[in-house]
Amino acid sequence: MLPKLPRDNLLELCRRMFVIRHFEESLVPLHDKGVFGGHYHLYIGQEATGVPAISCLRSDDYLFTTHRNHGHLLARGAEPKRLLAEILGRADGLNKGKGGSFHSVAPTLGFLHSSGVVAGIIPLSTGTAYASKALKNGRLTVCLFGDGSLEEGAAPEAFNLASLNKLPVLFLCENNGKYGAGRAVAAGQSSSMAAYPLTDLPKAYKIPAQLIDGIDAGLVHATVSEAVEKIRRGEGPQFIEAQTVRWPGSETNWPSVPHPTDSSLAWDVSGVQEKAREWYRSCDPLLVFARELVEANQATKDDLASMERQVKTEIAAAVEFAVASPYPKPEEAERNFFA
Amino acid sequence: MLPKLPRDNLLELCRRMFVIRHFEESLVPLHDKGVFGGHYHLYIGQEATGVPAISCLRSDDYLFTTHRNHGHLLARGAEPKRLLAEILGRADGLNKGKGGSFHSVAPTLGFLHSSGVVAGIIPLSTGTAYASKALKNGRLTVCLFGDGSLEEGAAPEAFNLASLNKLPVLFLCENNGKYGAGRAVAAGQSSSMAAYPLTDLPKAYKIPAQLIDGIDAGLVHATVSEAVEKIRRGEGPQFIEAQTVRWPGSETNWPSVPHPTDSSLAWDVSGVQEKAREWYRSCDPLLVFARELVEANQATKDDLASMERQVKTEIAAAVEFAVASPYPKPEEAERNFFA
Amino acid sequence: MRELAYYEAKFEALDEIMAADQRVHLINGTFLSLSPHRHVFQNLAKKYGDRMMSPPISELGFCGLATGAAMAGLRPIVDLSTGSFIYEAWPQVANEAANAYSMSGGQTRVPVVFHLFHGLRGGGAAQHSGSPQAMLWNCPGLEIAIPSSPRDVKGLLKTAVASDNPTIFVDHVRLLDLRGEVPENDKPIPFGVADIKRAGSDVTLIATSHTVQVCLKAAEKLAKEGIEVEVVDPRTLVPFDLATILSSVEKTRRVVIADETHQSCGVAAEIAARIAETGFDKLKTRIRRVSTLDVPVPYSPPLEAHIGPSESRIIDAVRASVA
Amino acid sequence: MRELAYYEAKFEALDEIMAADQRVHLINGTFLSLSPHRHVFQNLAKKYGDRMMSPPISELGFCGLATGAAMAGLRPIVDLSTGSFIYEAWPQVANEAANAYSMSGGQTRVPVVFHLFHGLRGGGAAQHSGSPQAMLWNCPGLEIAIPSSPRDVKGLLKTAVASDNPTIFVDHVRLLDLRGEVPENDKPIPFGVADIKRAGSDVTLIATSHTVQVCLKAAEKLAKEGIEVEVVDPRTLVPFDLATILSSVEKTRRVVIADETHQSCGVAAEIAARIAETGFDKLKTRIRRVSTLDVPVPYSPPLEAHIGPSESRIIDAVRASVA
């Protein structure tokens, strides 16, 4: 379903989803050609969680994210070219090339820290929330993490701290393992987490928790809005699990694009290789959103095609910018590690 | 209520409770006189949990315990004099003086390791259980820990591992904070644990969990027996929380004895200082057990008095032995730290 | 000049810090350990209770909380109590707090202080006698302060809280009752400035924390044999004041390093390595380390005493150095 | 003699170990990291699936599980994958596994192996480039093996599993494709025996892990300048073979130490300190360390390359040593 928002906002949500998708797809050939090295993780398939969720926040709220952070930063409005330059380790990167894909941050957007350690951010998120409460500045913290994070003891410790102190923090767990593609098993259980459904864990700590479909932008928007309101009213932490189906391009350790995205796929996936077709047909949140926009007469197919063209142009420019950006001077490594 | 056991067994349980009580009380003056230093923790008030629980085990089962381990070791039959020598850091100690109060172990009794780190043993206990399962030797593991352990992330991580792998381990949580004397708060909540009742946490991991009165030796015996049977049948981990009321002598960081125990207190506490009287009247598990034995005609007051005299003599001899035991040679410090 | 006990100086520092800066919060509260003086800490709770938090036994969680709070503008001092309990929080301290500023390209500041009591305390055995400062010195991104006197604990604590970097504050229970001069309105002590605790011309004896006090006693005894020892206390490991040490070595040409961390990759190892690298030509004889022996700390008192940097081991090392 | 790739030798070791001893279990399974060869690991799963466990993302939990299982008679090899993930398990490794034998007065044996990939791997940034072996060397009670060649990885892994002590097995992804001689039916390599990877008379160059390979290349270049470098690989840090190093120093009278741990309290610090203590009189010039610079590892490739013990930094240090 579509979020209950004016048309302009809906189109902007759609545009951000396109930005994320084409940004992420552009990384794969850059990595395969060796333009950057190291491990990296794409947000494809989770756009309808991050984009509407983050749109519910105030500009001064805090966000924490993980190894799978690109989509969150872009959803919040980070410049693709500077994020890309960071991933390529260049001087114009968001963090001057010191962080890379795992650690891209943008403090002006509320992203203070992004950790590649599973669950590393969950305790940290109770800290910004604690500070906001102490300083009475009304700033909320959203902690975005994967389902695997709940397996680390850091998560329950942080839930306990958040619950006891009624901290203003939203735990938004993106479970990209629906249908067992990831760590979860189809039959309502998981091979790696006995506390399943995952919402059982925060509930044990008396944190209100709900499970929603993360492909449903409208549901994500409504659920997050409501949770954010409760937190702002002082009701303490909230937990949302948003389930998505793992993008077939990330089933291996090194991503590959089964089929380049184009909005026309929303109406015809016959060109997609068999193995990946079902995902693009029914699980791709971007294509679902595009269809819903057209069906609700909020946009025509042409509107979307032209929006997508613009985005592709922007991403192409970002790639050009990032590839042209110089590496930092080697000696920069010895500087700026203490404030 | 009394455990459903023959008279001899009941009397032996009673004797072990006396051993624990008088052993522990004997430590306080030794510490105050400087015969040993360092922090130490007494098991007084929890005898009706450890003694009947441990009596349900086979001789080859494994046990893990914490900083509050004296009672567990004595309940299992460790020699008081060697435990005491260990606490005094002497050569005849259970661990040759290398462990001390926090780390007394007795591998021949199944105690492989005792950790002074809160929750340190909980992951370890899944390991002996994993080994027993792999080796198909039917040995069960009992992990004895305090309520505070559940606040550490190590506990939920271990619960997850135990549950997913259906490991033969009994988690026996001794909550000595009933009525808010410790960390728990009277009104069914805790100032340090949002997951309260504590059984909510293991339950989230699908570990069957029950809360019982830890002063009720019969209930402890019945509940542990049943849990042990289930585990031996291959049903996987079980969790029991046994609640006791904190002994007034341990409300400060350094224990002191409000009133020396004597079985006659079971029928007359008027000599006990006001502040501590209620505890001795209704919360002291040893005195409860003594009363029940007499009421059920399993023993006379005189039987108990003579049993207690014997125990006191044994403890006095243990003190003598331990104080006379030499310190290890200083150079022993440089030996035996690698196998 | 005014004399205070170490615990009083530390308490005064906390009190003045809390009064001066509303952003300072205390997470956990065993800043005076289990010492008989811990009750004075209750006075802080009366004045600043709304900025003090008593967390669950979740070191990983509450160190993360403090670190996150620092990122958002507070200045938390988080107490780990016994040194080895910081192991529970290792992922937050060594992988998050230490790296955040650098990984963000110099954008995210983390002004948090991690306070702990290290070392041999009498009966702490293997798990309660840890000295994690050597491991933490191997983790770039952390500042490390380690006082040895009433005046230093006050002055260094103020600087630790004022620092924009994550700082490890390494204390020792055996110092709490030590008395010493603490001027009223004393200035904060800058990081990276070693202190010559005793001047001498024959041997440079470098030490930290409680071992400084052991060295001072050893120096008195050695003076009676005619050996004049210069006791140098770096006071902070990060930043480290190598210059002061080298100029002492220039004078004495002999080095003994005494420290309570375990020997291998310990604090004395790093100081020895730096001198072997940069002061080699000044040395007349080999460097000597008096560290805690490389064994898990045994419980039994004579065994514990045997492995630590005792006065007698220090005296032997100094004598050997001048022999 | 037979040549194998490092990953093949490591796989062969695991296979032979699992076949020979039913008590060996594998906990977690990234022994070949994300290398393109990781599929060969699947062959183990086919043969020994019932002795392999794929745990949740709970390093603290599953390292504790492995430690407990070792106490009860299994010989688990537990894989931590990236070096810094062992931080998550620090309390179990440093406070339980390392201390259990000593605290029990020599009764409880803990034959567990903790396997991890340390070091600069290209793009690992601050959190995925850790080299925790220096911190762990500061924790008595752990043995530490650190291979640098196909033959060593096989021989040391066998000894690690046979050891009755908790052992850290420190590997490096940049070694996986290295080819080298591995005799069929090779014997396990005893711990505490350093290996002279290249003989030379001018400078003793001590290195570990992948840095040994960097040193061997540097040595070839230096030989062309007429500088003959002796490359010594300790192969295990605990126990440590100081004697072999000292006899090399006796010959060359010059020492350079190259290693990927951060400099302060790093592996090179300890080796430097031991030589400064026990080999001082043999030295003609100051000791030189080439360690990873003391900054959180930056992501950008030229920055990462700048801080590591690179061939050029090693060559410079050796040249300076003979100058």
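So that you can tell them apart, the chains are marked A, B, C and D in the order they are listed, and the count of residues begins at 1 in each.
Heads up, the rule we're going with is that a residue touches a chain if its C-beta (ideal position, glycine included) is under 8 Å from a C-beta of that chain, and two chains touch if they have at least 3 such contacts.
The structure displayed is predicted, hence computed values, not measured ones.
Peer 1: Tell me which chain's centre, taken as the mean of its C-alpha atoms, is farthest from subunit B.
Peer 2: The chain lying farthest from subunit B is A.
Peer 1: Please tell me whether B-C or B-D has the greater number of C-beta pairs in contact.
Peer 2: By number of C-beta pairs in contact, B-D is the larger.
Peer 1: Using mean CA coordinates as chain centres, what's the gap between subunit A and subunit B in Å?
Peer 2: Roughly 48 Å, centre to centre.
Peer 1: Between subunit B and subunit C, what is the gap in Å from one C-alpha centre to the other?
Peer 2: Here the centre of subunit C sits 37 Å away from the centre of subunit B.
Peer 1: Could you give the separation in Å between the centres of subunit C and subunit D, each centre being the mean of its C-alpha atoms?
Peer 2: Computed from C-alpha means, the inter-chain centre distance equals 30 Å.
Peer 1: Measure off the straight-line distance from the CA centroid of subunit B to the CA centroid of subunit D, and report it in whole Å.
Peer 2: For subunit B versus subunit D, the centre distance works out to 42 Å.
Peer 1: At which residue positions does subunit A touch at least two other chains?
Peer 2: Within subunit A, residues 93, 96-99, 103, 115, 117, 120, 151-154, 157, 160, 164, 191-193, 337 contact more than one other chain.
Peer 1: Check each residue of subunit C and list the ones that touch at least two other chains.
Peer 2: Correct list: 55-56, 58, 60-61, 84, 88, 91, 95, 99, 102-103, 125-127, 140-141, 295-296, 298-299.
Peer 1: Give the list of subunit D residues in touch with subunit C in this complex.
Peer 2: Going by the criterion above, the answer is residues 84, 87-88, 90-91, 94-95, 98-99, 102-103, 125-127, 130, 134-135, 137-141, 237-238, 240, 261-262, 264-270, 272-273, 275-278, 280-281, 283, 285-289, 294-296, 298-299.
Peer 1: State the interface residues of subunit B toward subunit A in the complex, per the touch definition above.
Peer 2: Those residues of subunit B that touch subunit A are 151-157, 159-160, 163-164, 191-195, 200-201, 203-207.
Peer 1: List the residues on subunit D that touch subunit A in their complex, please.
Peer 2: 34, 54-61, 84-85, 88, 121-128, 293, 295-296, 298-307
Peer 1: Flag every residue of subunit A that touches subunit C in the complex, lowest number first.
Peer 2: 62, 64, 93-99, 103, 105, 107, 112-113, 115, 117, 120, 122-132, 134-135, 139, 153-154, 157-158, 160-161, 164-165, 336-339
Peer 1: Inside the complex, what are the residues of subunit C that reach subunit A?
Peer 2: 25, 51, 53, 55-56, 58, 60-74, 76, 91-92, 95-96, 99-111, 140-141, 143, 163-165
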